[in-house]
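Two complexes come next, and they have one chain in common, chain A, joined by chain B in the first and chain C in the second.
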Partner chain A sequence: MPIEIPKDKWPGSVKTITLGANSDGGTRTSVVTVGGEKALPFMHFEAETPYRPAVAIEIKDRKPDDWSTPLSEAWGDAMNDPAKWARAAEAAGADLILLTLSMTAVDGSPNTAENAVAAVKAVLGAVGLPLIVFGPGNAELDNALLVPVAEATKGERLVLGICEDKNYRTIVATAMANGHLVSARTAMDVNLAKQLNILISDMGLPLDRVLMDPTTGALGYGIEYGFSVMERLRMAALQGDAMTQLPMIVTIGAETWKTKEAKVGEGVPAAWGEWRERGINWETMTAITLLESGADIVVLRHPESVKRVKAAIADLMVAA
Partner chain B sequence: MALSGIQIYKLLPQTNCKECGFPTCLAFAMKLAAKQVELSACPYVSDASKAQLAESAAPPMRLVTLKSNGHEIKVGNEVVLFRHEKTFYNRPGIFIKVRDDEDIQAKVEPAEKFAVSYVGMDLTVDGFAVEATGDPDRFVAAIKTLRQISQRPLVLISSDAKVMAAGLAVLNGETPLICGADANNWEAMADLAKANTPGGPPPHSGGHGQAALVVKADSIEALADLTEKIKGKGVEDLVIDPATKNLSRLLTFSTQVRRLALKKNVRSVGFPIMVFANDSILAAQAVAKYGGFIVLDEFKPETVYPLLVLRQNIYTDPQKPIQVQPGLYEINNPKPESPVLVTTNFSITYFSVANEVESSGLPAWLLVTDAEGMSVLTAWAAGKFDAERIAKAVKTFNVADKVSKKRVVLPGHVAVLSGELEAELTEWEIKVGPREAVDLPAYYKQVLV
Partner chain C sequence: MYIIGENIHIISEKVKEALKARDAKFFQELAVKQVEAGAQALDINLGPRKADGLEVFPWIVETVQAVVDVPLSFDTTNLAGIEAGLKKITKAQPIINSTSAEPERLEKVPLVAKQYNTRLVALTMGKSGIPVGADERVSIAIEALIPRMIEIDFPMQDLIIDPLVLTVKGCQEYCPQLIEAVRTLPAAWDPAPAISVGLSNVSNAVPNENRPLINRVYLAMLMGVGLQLMIANPLDKEQGEVIRVIETRDESTPLGRLYLKIADRIAAMEEPQPEDVDFGDPEQVAIWKTVQILLNKVIYADGYLTQ
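Up next, the complex of A and B:
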């Protein structure tokens, strides 16, 4: 019996964005291009998916104090040196690196611009992958660290974040002046995401230099909100709403590895099972769920998760 | 297509005899249209009308129910493609597979006993799938062994109708899922599904079988052909198996089937989907994207726990965050001098805190404010968790009467509220706790004792 498969015909598409540069000041040996979708994720029978979603690995400028044991076991010594850590991340299969700057130095004093710039340069020198740099997540300190970083790396097409309603002006301005991109974060809401994108584009940064971070919760801690907001944002984009047509990035590793399930190995119910594998499942299941609701870049922390998620993406990219 | 209340009314006797419990046939018709009553409540509907009404009332995606002693699982009957459009209703069943030549006890027992608490709900697997390796006696023995350990619903797997018949005979009075029918054996399997137990109870009227049947083929068209033939034999409770473990194929297939059923009302594929998952990523995809019955090759708590949580998350109603009742909760038999911890009534928040305190053995009063089911920071940002609301909760739940030492502990994330709360609760000592609940016991021992 012949059955006609209903196909969605979407008028809009997601913008294509390239991270990293290998000319005009850019020194990357590989660049990453994401976006360009004309259909819902992996619906190859409707439209070609021009670029596969990318997997970023998150590293820090110094060994973090509060990362879960399975993570420190996986990265070992490399965590003491951002350049080594970046090389290990590259070897683990990262398409790009996300470097999060710490709030403080080891002695507890606030992180400094010199340190931030040195760490970014060390990573850029160690690997040829494109780089995303996030501030510590405090609007004032973010600005103090990210502006010098942006200036010291003119032309690299870094992604600067986190660009929020509180601090977008400074970050967007320095991205514009130095040829970088920004990652715009809003709290799981379609309209908030649109509003921030409008504010950013009003400042004159072309939208093909903006990634959208709709925020997610990890599995068990609000993933369903992330899942649905991303589905709605992607559908709005495909329906032609220009202010939602940006590739989406989600920081899955950070969300996952702060959950109790991933972070704590002792004194937890036996029914939680083996710690390391549980954490990896927590991260990979969050990743697959969000990739299928529209994520273009997933940021992960555990190298084994990266391997599994990359294999899943490779499968999903083949029309079948 | 579903009929409107008026259309249904035209098919009723229109005598307003009230035997259905409604004052008029029209009132009954409206309830029928809203799917709040069963047609059988009216004894006077003609057979012709019944047929028409049944056809229109059938959901675009079949509801398949498996039953065993004391257990039941319903799958299917979904009405949307995206959960934000309404909600997903019937959570996919999660089953653990054993082969009849494996050590049944060793594999089934831990899975049977498995229960994990997530926001106050006990999550468990739904049942087991027993796969025949060929010999009917071995199959029967395996099912019997399993039934001594677990009473949960079963999936029986064999393509040999004789083996299947032997297995089914053990499950008298149950409704298992049998797996399954393909292009070669569909007639025999359909016969089995219709009346599985020789000498057992006869098939229900209305063409219901005694077992639900999995239909396997590798294309949507081939599946539709098979389900039509099998429906022709009077078996309606079907589950379709695209025979793939490939992520991309399964995603495409599942999406296409859901669209055909919901948007085009193609009844020949309007059935739950069977997924055999050998890895956690495939299983997670099946939970998020339209899986019906998910059979896992292995039972590992570290995989099953996150999978059950994912299922819980994806199948919550987007309009109603899971909440707990606001109030003053007692943890570990608090005494008058025990501290009062403040939190919100979002289930995830409440249980993160309650579990942490409970497992530490430390006594405390947990004051759960009405924050409209939002997490601490969400509620704070939305103006639903502020000094005024907290002070109000302290009064509403008569906290002052319960304690001798007036101290409240705020979540660290809302340290900013402490000044305002001091102004609201003048006789109270306001303390700021740690940000994460995990750090509460340590904080308690250092600061509160």
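Up next, the complex of A and C:
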């Protein structure tokens, strides 16, 4: 008996956004385009998925003090030099780099604009991949570091973050003035996510230069809540709600590697298995789960997770 | 529409201060103002008052009862405080607001209501919280609230079921379900229990300038499913106008026709349609956008009207 598979036909679609530029001030040798979905993730029989979800690798402007041992073992000495780290990330298969600026220098003094600009320029010089730059996550310091970075890299179509409801104006203004994009973060709440997009749009930044970071929890730490929020935002986008039609980025590595399962190697039950493998599995499973909820860019930390997630994406992108 | 006035509420800074000062005149004026604006009962929410309930509740009853004759509704979890207040009632049959289906409350509160011959508001909330679905809320009424009333021989005409309005900001998926619960609940028993809702809860946490519109549009939808009783702000004139328009089926103004159409559509189990709306009129556009968020068609954001 022939079975007809029911198909959804959605009236809306996600905006298509290109990160990085190779002209008009842009020096990237590759750019990344995401978004454009007209159906729920990987429902190839309903509509073509125009762009493959991208995998970013997160690096920092100096060796972080609090990253888990499996991560420092994987990256080794490269962590002491953002340019080397970026090259290692490129070699590990990153589609793009996320550079998180540190709160402080190694000696504990606050990070400076000079250091931030130097780190960003070093990474841009070392690799041809598009770049996302996040401040340390403190409103005042984010603004102090990101504005000079944006000005020094005019035309590169960087993604600047983190825009939050309490602190988005300065970052959006400098992105507008210097031809960059922004990432808008809210804490797992559909109403707040939409509201922040409205506020950014009201400032005059076209929404095809905004990524939405709905945040998430790692596997075992609220991932189902993050999943539901992303799923709901994506369905609203497909239903035609313009203020939710933005590609979504999730910082999975940062969430995963702070869980006890990934971060801690001693004093845990033997049944948990080998530490490195456990952490990689945690990161990989979190990423693949959220790709299924509509993530367009997953930001990872471990090179082995990148390999596995990219393989999974390749499989998911094959139309049945 | 029978309105239980909501304005004597401890969430208001003025009420908080007046209570601290035991400012009888303040409460008397607020009571009279609400009754003059059409409130047929007054809700009194002064919080749990764990420390001073035995003194505060009798005081507020005597204060308010000195100037108005309408029923007073004790909106608190402090059962001993309620009893102390009930002992001072000399006028209309009072209301206890509320019990829920949580076992401890459902055991004790209805007994007090029966003993003092009060009406009783019963929330469709069990020990695992407020269910999203309309059916689950109706089930709580049928399986827990009503059986308890029968068990203690509580007069069914004194039962008021409140299926619990939650805010569109954060609990958006509850909004259309609540409408369906109000539609279905009267069939839960014969004679049908009275249904009441706390209307303005629908706009909790919403910026103040948008609250009255959301309240009014939701009210039109709820009147479509037969709502006849609510705890609300009787001083909101535009809200009173929506009530009048729908109750009298006044089709003389375009805006009134839209509110009436919304009520009729919901009554017929339909969704309001674009053809019901004059999109050249910004007021009608705002109402249309509000319908979309209340039916959970479009995700709520504080700036939803500007979008």
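Operating definition for what follows: the second predicted complex is superposed on the first by the 320 of 320 C-alpha atoms of A that agree within 3 Å, B and C clash if a C-alpha of one lies under 4 Å from a C-alpha of the other, contacts with A are read in each partner's own complex, and residues count from 1 in each chain.
Rule of thumb we're sticking to: a contact is a pair of C-beta atoms (placed from the backbone, for glycine too) under 8 Å apart; a residue touches a chain by one contact, two chains touch by 3 or more.
Remember, it's a predicted structure, so these values are computed and weren't measured experimentally.
Student: For the overlay on chain A, clash or fit between chain B and chain C?
Tutor: fit
Student: Determine, under the contact definition given at the top, whether A:L316 touches first (chain B), second (chain C), both, or neither.
Tutor: So A:L316 only meets chain B here.
Student: Should A:N138 be classified as contacting the first partner (chain B), the second (chain C), both, or neither?
Tutor: neither
Student: So, A:A270: does it touch chain B (first), chain C (second), both, or neither?
Tutor: first
Student: Thinking of the overlay built on chain A, is A:R232 touched by chain B (first), by chain C (second), by both, or by neither?
Tutor: A:R232: touches chain B and chain C.
Student: Return first, second, both or neither, reflecting whether A:N115 touches chain B, chain C, both chains, or no partner chain.
Tutor: neither
Student: So if I put the vertex at the Cα centre of chain A, how wide is the angle out to the Cα centres of chain B and chain C? Nearest 10 degrees is fine.
Tutor: 60
Student: Could you say whether A:T18 touches chain B, chain C, both of them, or neither, answering first, second, both or neither?
Tutor: Touch partners of A:T18: none, neither chain B nor chain C.
Student: Contact-wise, after the overlay, does A:E224 reach chain B, chain C, both or neither (first, second, both, neither)?
Tutor: First partner only, chain B.
Student: Of the partners chain B and chain C, which touch A:D202 in the superposed model: first, second, both, neither?
Tutor: Second partner only.
Student: Which value in Å is the smallest Cα separation between chain B and chain C when the structures are fitted on chain A?
Tutor: Shortest inter-chain C-alpha distance (chain B to chain C): 7 Å.
Student: Both chain B and chain C contact which residues of chain A?
Tutor: On chain A, the overlap between the chain B and chain C contacts is residues 232.
Student: Across the complex, what residues on chain B touch chain A?
Tutor: So the residues of chain B in touch with chain A come to 82-84, 114-118, 220-221, 224-225, 228, 244, 246-249, 251-252, 255-256, 259-260, 263-264, 266, 268-269, 280-281, 284-285, 287-289, 300-307, 309-310, 313-314, 316, 318, 348, 352, 359, 375, 378, 381, 436-438.
Student: Residue numbers of chain C touching chain A in their complex, please.
Tutor: Within the complex, chain C touches chain A at residues 169-170, 172, 297-303, 306-307.
Student: Which residues, counting only chain A, touch chain B once they are in their complex?
Tutor: Interface residues on the chain A side: 1-3, 5-6, 40, 42-45, 187, 219-224, 227-228, 231-232, 235, 258, 260-261, 263-264, 267, 269-275, 277-278, 281-282, 284-285, 288-289, 292-293, 308-309, 312, 315-320.
Student: Could you pull out which chain A residues touch chain C in their complex?
Tutor: 189-192, 194-195, 197-199, 202, 232-233, 236, 239, 241-244
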